[in-house]
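Let me begin by presenting the structure, written as structure tokens, before commenting on it.
Chain naming follows the written order as A, B, C, D, E and F, and within any one chain the residues start at number 1.
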Amino acid sequence: MKRLLYVFLMLIGFAVSAYGADEGPKIDTGATAWLLMSTALVMLMTPGLGLFYGGMVRKKNVLATIMHSFIILCIISVVWVLWGYSLSFGSDVGGFIGGLDYVFLSGVGLEPPEGKGYPHLIFMMFQGMFAIITPALITGAFAERMKFSALMIFSVIWVTVIYSPLCHWVWGGGWISTKLGALDFAGGTVVHINSAVAAAAAIIVIGKRRGYGTEPMMPHNLPMTIIGAALLWFGWFGFNAGSALAADGLASLAFVTTNTATGAAALGWLFTEWVHRGKPTALGVVSGAVAGLVAITPAAGFISPMSSIIVGGAAGIICYFAVSIVKPMFRYDDSLDVLGIHGAGGIWGALATGLFASKAWGGTDGLFFGNPKLFLMQALAVCATIVYVFVVSFIILKVLDVVIGLRVSEEDEFTGLDISIHGEHGYELDK
Amino acid sequence: MKKIEAIIKPFKLDEVKDALHKIGVQGMTMVEVKGFGRQKGHTELYRGAEYVIDFIPKIKIELVVAESILDKAIETIENTARTGKIGDGKIFVYNVEETVRIRTGERGEVAL
Amino acid sequence: MKRLLYVFLMLIGFAVSAYGADEGPKIDTGATAWLLMSTALVMLMTPGLGLFYGGMVRKKNVLATIMHSFIILCIISVVWVLWGYSLSFGSDVGGFIGGLDYVFLSGVGLEPPEGKGYPHLIFMMFQGMFAIITPALITGAFAERMKFSALMIFSVIWVTVIYSPLCHWVWGGGWISTKLGALDFAGGTVVHINSAVAAAAAIIVIGKRRGYGTEPMMPHNLPMTIIGAALLWFGWFGFNAGSALAADGLASLAFVTTNTATGAAALGWLFTEWVHRGKPTALGVVSGAVAGLVAITPAAGFISPMSSIIVGGAAGIICYFAVSIVKPMFRYDDSLDVLGIHGAGGIWGALATGLFASKAWGGTDGLFFGNPKLFLMQALAVCATIVYVFVVSFIILKVLDVVIGLRVSEEDEFTGLDISIHGEHGYELDK
Amino acid sequence: MKRLLYVFLMLIGFAVSAYGADEGPKIDTGATAWLLMSTALVMLMTPGLGLFYGGMVRKKNVLATIMHSFIILCIISVVWVLWGYSLSFGSDVGGFIGGLDYVFLSGVGLEPPEGKGYPHLIFMMFQGMFAIITPALITGAFAERMKFSALMIFSVIWVTVIYSPLCHWVWGGGWISTKLGALDFAGGTVVHINSAVAAAAAIIVIGKRRGYGTEPMMPHNLPMTIIGAALLWFGWFGFNAGSALAADGLASLAFVTTNTATGAAALGWLFTEWVHRGKPTALGVVSGAVAGLVAITPAAGFISPMSSIIVGGAAGIICYFAVSIVKPMFRYDDSLDVLGIHGAGGIWGALATGLFASKAWGGTDGLFFGNPKLFLMQALAVCATIVYVFVVSFIILKVLDVVIGLRVSEEDEFTGLDISIHGEHGYELDK
Amino acid sequence: MKKIEAIIKPFKLDEVKDALHKIGVQGMTMVEVKGFGRQKGHTELYRGAEYVIDFIPKIKIELVVAESILDKAIETIENTARTGKIGDGKIFVYNVEETVRIRTGERGEVAL
Amino acid sequence: MKKIEAIIKPFKLDEVKDALHKIGVQGMTMVEVKGFGRQKGHTELYRGAEYVIDFIPKIKIELVVAESILDKAIETIENTARTGKIGDGKIFVYNVEETVRIRTGERGEVAL
């Protein structure tokens, strides 16, 4: 209580401290308009993800699953303005992490950062939406068995010690961008590989759902999953084209490659499954679309639209095999296929950037344009991410498991998390 | 009085209901059920994995009738619900010891 | 018939009357882009509200409940261009209401209003979306028992004699802004307190649902409510950041405070409920989020992001108690908690603006920055709104109740409004 | 396989071919921001349409129906960048079709087209979203019985030989715009009449659903249909106001007429049904809204807001009668009323543009402003569209029917397309 | 032992359950069903066309009771489920030959 | 012929079905029901208010069997459906007077 009071007082202190808003004339209102909108679009992706995931679980866990995304949206919205932004974008500390200069948003105001055309605050917020969706992506791995309280604590710690440094490495002036020169347009490593590797650690620490492998756990509401996928696709325009941080040709390029790769990836998954299993599934189409969105993310502003067809189409095929062949081979229970889609798709995308990136379209030249070095750097960045994220995620999860427990009781898991954790049920459709 | 329980294919419901109504059955109750039997279930896919679904959607109709029309009712159901393919369903007959119409308190056949 | 014909002819007359579109070169395309987008975002909020409400009612009333919002969107879309805009923003008549100069949009064209950077038409439309959502908010109070015809008539009258003047007072050059100097960035009084007070009047006139208090009336589709909340949150960026009427630092600030307060409020509600009832509910999280959106609305462009954490967090706690303690104490049947969320949250937000507003961030200084007068003025504006809205709403509703009846018959209420009023049912999920 | 490889190699070739991005300083960032956003909005319409349609079919066909829209989104996303855009907007060939200059997007880059303020790529993408939704609209006609493979092939051919030329005639510099001078602001002929006429051909070739006319085929999820309608309305702001290709007064006008006509049309349908059948239905309100959106599309930037009330109101009434009187009279099975809404509404809108268009508001003067010629030209454009689209669609469908078959087997139709084609079912709500 | 099957109006469920509980019935099972009978269905609209819906939502309660309380149970259901309007529903009584409590393996009346 | 009605915990369905299938039961019908009994319901929250939910989801399996395998079937259900915790459910046995296979018109035990 006392500590809470203290925090409140500090907040009031900060709130009251005057802030010299003295907006210069150098705002590019078009860029700002697009950044405002993109930020809103990326925000929508997190509940969209909740629906995408929520439709795939069993009815008894629908609320708990959607809530994973929704509560992360709420909690990281606060964490980001308090310290997350500063750790990511504060003045560089050894190439590894941002300094504390922007803690509590001190110094982040209405005027644009040096040499930019948009207000600092909206850049901060745009970045915040990425910090929100990344831990939300992880939740697909341990859906239907994770404790809500543990999820909340985990997310806060994870964003602090994993997301923020990683984001700093790539976009905040850290070593990956400055030393390595690896490219990541909108978050292939920072968002997708990152979340998938954390998911892998979580799968190991938390273990399988009871009955996994013996009883079918069919999606309870595929239309909901499709709605979610549609919102993800829609929001991803903000994610990728917004990452141009301008309303210009680059944003347009990222928009086009995003849309094209997504269509191609859906087709890639669809046809592969059709050939492999004899039927083209609806879930396959939307899973493929998401795989394409993932894979194009690091490459969106660096490659040509024609290349994006290849990047996307291959993503659909690769992720299909990851999910339908690799997963059963290793028998791990990645409930909603974070590894198969964000892991496989994210790694392919990061490497593909090293293949297809082209100076002519805004990037550095990649392997196919005669520069094998970029490909190497991409691979290095992927490896570094995997090692750091896996080790640290594993430690966090192990410690949390010992201290508070990550998993609900067997009985609660059986009853379903909606009733047992939240005291609610999703639908009352028969009265 | 006898109770007829007929498990039929869902798309036959309206036809059966109309036929029973025509021969003088005034009331019946139906419920969606799932059946397991000789009729094979179908295969479903979930992210590249295959599952066999054993239980098949069926409709169960329950009607209590006077003994006098029992045979006619059974025959009517048989004739309208039959497609000739596996899975057409079953008819079961039970004895009913008493019937009450809640609205009036009437008992016996007049309560049907 | 004859009258209809007359109206049609008049419309044709207006339609045919030439309009001198002679667009000057002074359009700020960035601001206009953001205003176009914001208007679309606020439009989406009304169906979003329909879903938010629709998921909470019983299955038999789902269509009727969503329709309340949807039909208001349709009907006020027309009323606003005919006379609503003019009554709100026409040339001031005694500080109380707008004149008839803009009736039928005469004089509202493609060029910007004096000194502005966006076309007059889009400002008109942006404001129209606020006039739509406000009566839609009220419908939560009398859900599951209101007549559809009465709802339609009520909305038209209410927007004409209550919303329009109030909007004029605050944003159209009326007495609250010019005389009182009270602040309302995006509609704390105009939208939230306004709708909640009308809801209070409606609750009294219409009475409880049959069975209220004795049988549980559980939500039939909580995922639908969550989708609605997500769309509200998304659309609210247009509502608040759009109210900057520019794509600049102010819009960015409003965006950030909106998002931060919402996250904090969801946490506020969640933890309070967790402590009070032992479980963190999904409905609690989204209700808290909406409470935060409500509370930050009047303050969004006037306070610091750090202050918004306090405004939001407190909103979550206050609204939780309003709903779970105050409502049962007084035993009124506010079906979907318009009073508890928009009333309590709106009043807190208006007062909090008087506490936390700061010149440095774009507002006038509030109490915590040494200016108690603002707080007083905020309180006065709240009181004036409450008195005017309650009295006039009560009269309208009483008269309508006598003349056409507000409430469906007992049998229709029992059967459910979907079948009895609309001749439809929401779902056919078992065949 | 060999052919596939070849295509892949060609794609790589293109991908690798350098592209001289040398962005000039003439980008209007506000217009570009709005175009980026509008493109995203129109993209969202296609899944929105999937939900609108999906809610109206029986439960057993929900996934198949939504997938029609979704797979078209995926497939045409690729087709458009490969050759669709070039056939529509490449250099004019005889007024009939675009040349091959833009095939594989060669020459479509980051810089603006001559004299424009937005990058060429985003214009291309914006137009692509129209090419996507048009075939998706057709799918309402043959819902619940069409083969998925046939649908995919049909869509590719149809976009190539019907959509692209028609788009070229109207917007790409073809004969309708240059010779006829007919007006079509955002796609009355190109999108709505076009899709409805193709639907008519499909209805004839494919035939009725088994049981149509004898057993009721009630919508399985009306809230889903309403969500779809809401997303359509929201996205349509991009469709119509985006068609201004600028963030200015014209965009604002199109925005306002769109919203106003939609509201009026919903009321038109509602009251007509209320009088005719005694009840105001929820499906009626949303169907009317869509009818209004359709009808205002060709007129949006050419008429006054007051005219839009008439155009919309009449659309609601006309489409109601088309669906509830004309359809039963002719006993065709247009599953989800593509003819009644997009056909009747589209034709009315195209003709109404010839009546209400006004120079003062941005158009040419129409009949009511003393220029009967425009009305004539509109009628001619409508007729030409109907003849061309019907004949060619009919031929395509007949050939496809013979070669691969358009329709599923009787047993599959009975079982439902979700299980029989996709091996999935929509909901698992009882466990 | 006897089995009582009562088809009632859905909104009466809680009342009937509570009344039965009060007279000592310890368990029962209910299921949503659809009934066809004298009570007329309603009309629905779909895009300007009208359809008559015949089947009306009902609740079926099933309870197995000892013969000793059979009459009291029937009476209780009659009294609480009655509204006096058409469609109040029916009560049917059947003979039960055996009862088993799965948890303990107990048989007969003690298993109820 | 006898009818077995077994009310069991939902997650036991597959196990029970497989066990019955193994001992030669060729067909059965199941329906989702809600049960009221000794097993306590749970508490739910709605905007800060608490409600007790009495009815608990259960599965009812119905199978008609020849008398010869009645005991074995009951035993099989008992053994597979038992968890030992309150709420495991009940088995009820009724007499069946006639059985018809709709597809063929066969009657009696051959129709099962």
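To be clear about the criterion, a contact is a pair of C-beta atoms (placed from the backbone, for glycine too) under 8 Å apart; a residue touches a chain by one contact, two chains touch by 3 or more.
Just so you know, these numbers come straight off a predicted model, no measurement behind them.
Asker: Superimpose the Cα trace of chain E on the Cα trace of chain F, which carries the same sequence, then give the rotation angle to the nearest 5°.
Answerer: 120
Asker: By residue number, over half of the contact pairs should agree; on that basis which option among A-F, B-D or D-E is the same interface as C-F?
Answerer: Checked against C-F: the matching pair is D-E.
Asker: Can you check whether chain B and chain F touch via the same residue numbers (shared by over half) or via different ones?
Answerer: Both copies, chain B as well as chain F, present different residues to each other, with under half of the numbers appearing on both sides.
Asker: Between chain D and chain F, what's the gap in Å when you average each chain's C-alpha atoms?
Answerer: 52
Asker: Per the centroid of Cα atoms for each chain, what is the distance between chain A and chain D, given in Å?
Answerer: Roughly 33 Å, centre to centre.
Asker: Counting only Cα atoms for the centres, state how far chain B is from chain E in Å.
Answerer: From the centre of chain B to the centre of chain E is 18 Å.
Asker: Would you pick out the residues of chain B that each touch at least 2 other chains?
Answerer: Residues 31-32, 44-46, 94-95.
Asker: So which bits of chain A are touching at least two other chains?
Answerer: 28-31, 33-34, 37, 218-219, 221, 227, 247, 277, 279, 281, 283, 422-425, 427, 429, 431
Asker: Enumerate the contact residues on chain B facing chain D in the complex.
Answerer: Contacts found on chain B: 11, 14, 42-46.
Asker: Quick one: which bits of chain C touch chain D in the complex? Just the residue numbers, please.
Answerer: Against chain D, chain C makes touches at 8, 11-12, 14-16, 18-21, 23, 27-34, 36-37, 39-40, 43-44, 47-48, 50-51, 54, 62-64, 66-67, 70-71, 73-78, 81, 104-105, 109-111, 118-122, 124-125, 128, 148, 221, 224, 227, 247, 418, 421-429, 431.
Asker: Which residues of chain C touch chain E in the complex?
Answerer: Listed in rising order, the residues are 215, 414-415, 419, 422-425.
Asker: Can you name the residues of chain F that touch chain E in the complex?
Answerer: Listed in rising order, the residues are 2, 6-8, 31-38, 54-55, 58, 60, 74, 77-78, 81-95.
Asker: For a test of understanding, state which residues of chain C touch chain A in their complex under the given definition.
Answerer: Residues 28-31, 33-34, 37, 41, 58-60, 218-223, 226-227, 229-230, 233-234, 237-238, 241, 246-253, 255-256, 259-260, 262-264, 266-267, 270, 277-283, 285-286, 288-289, 303-307, 309-310, 356, 358-362, 368-369, 427, 429 of chain C touch chain A in their complex.
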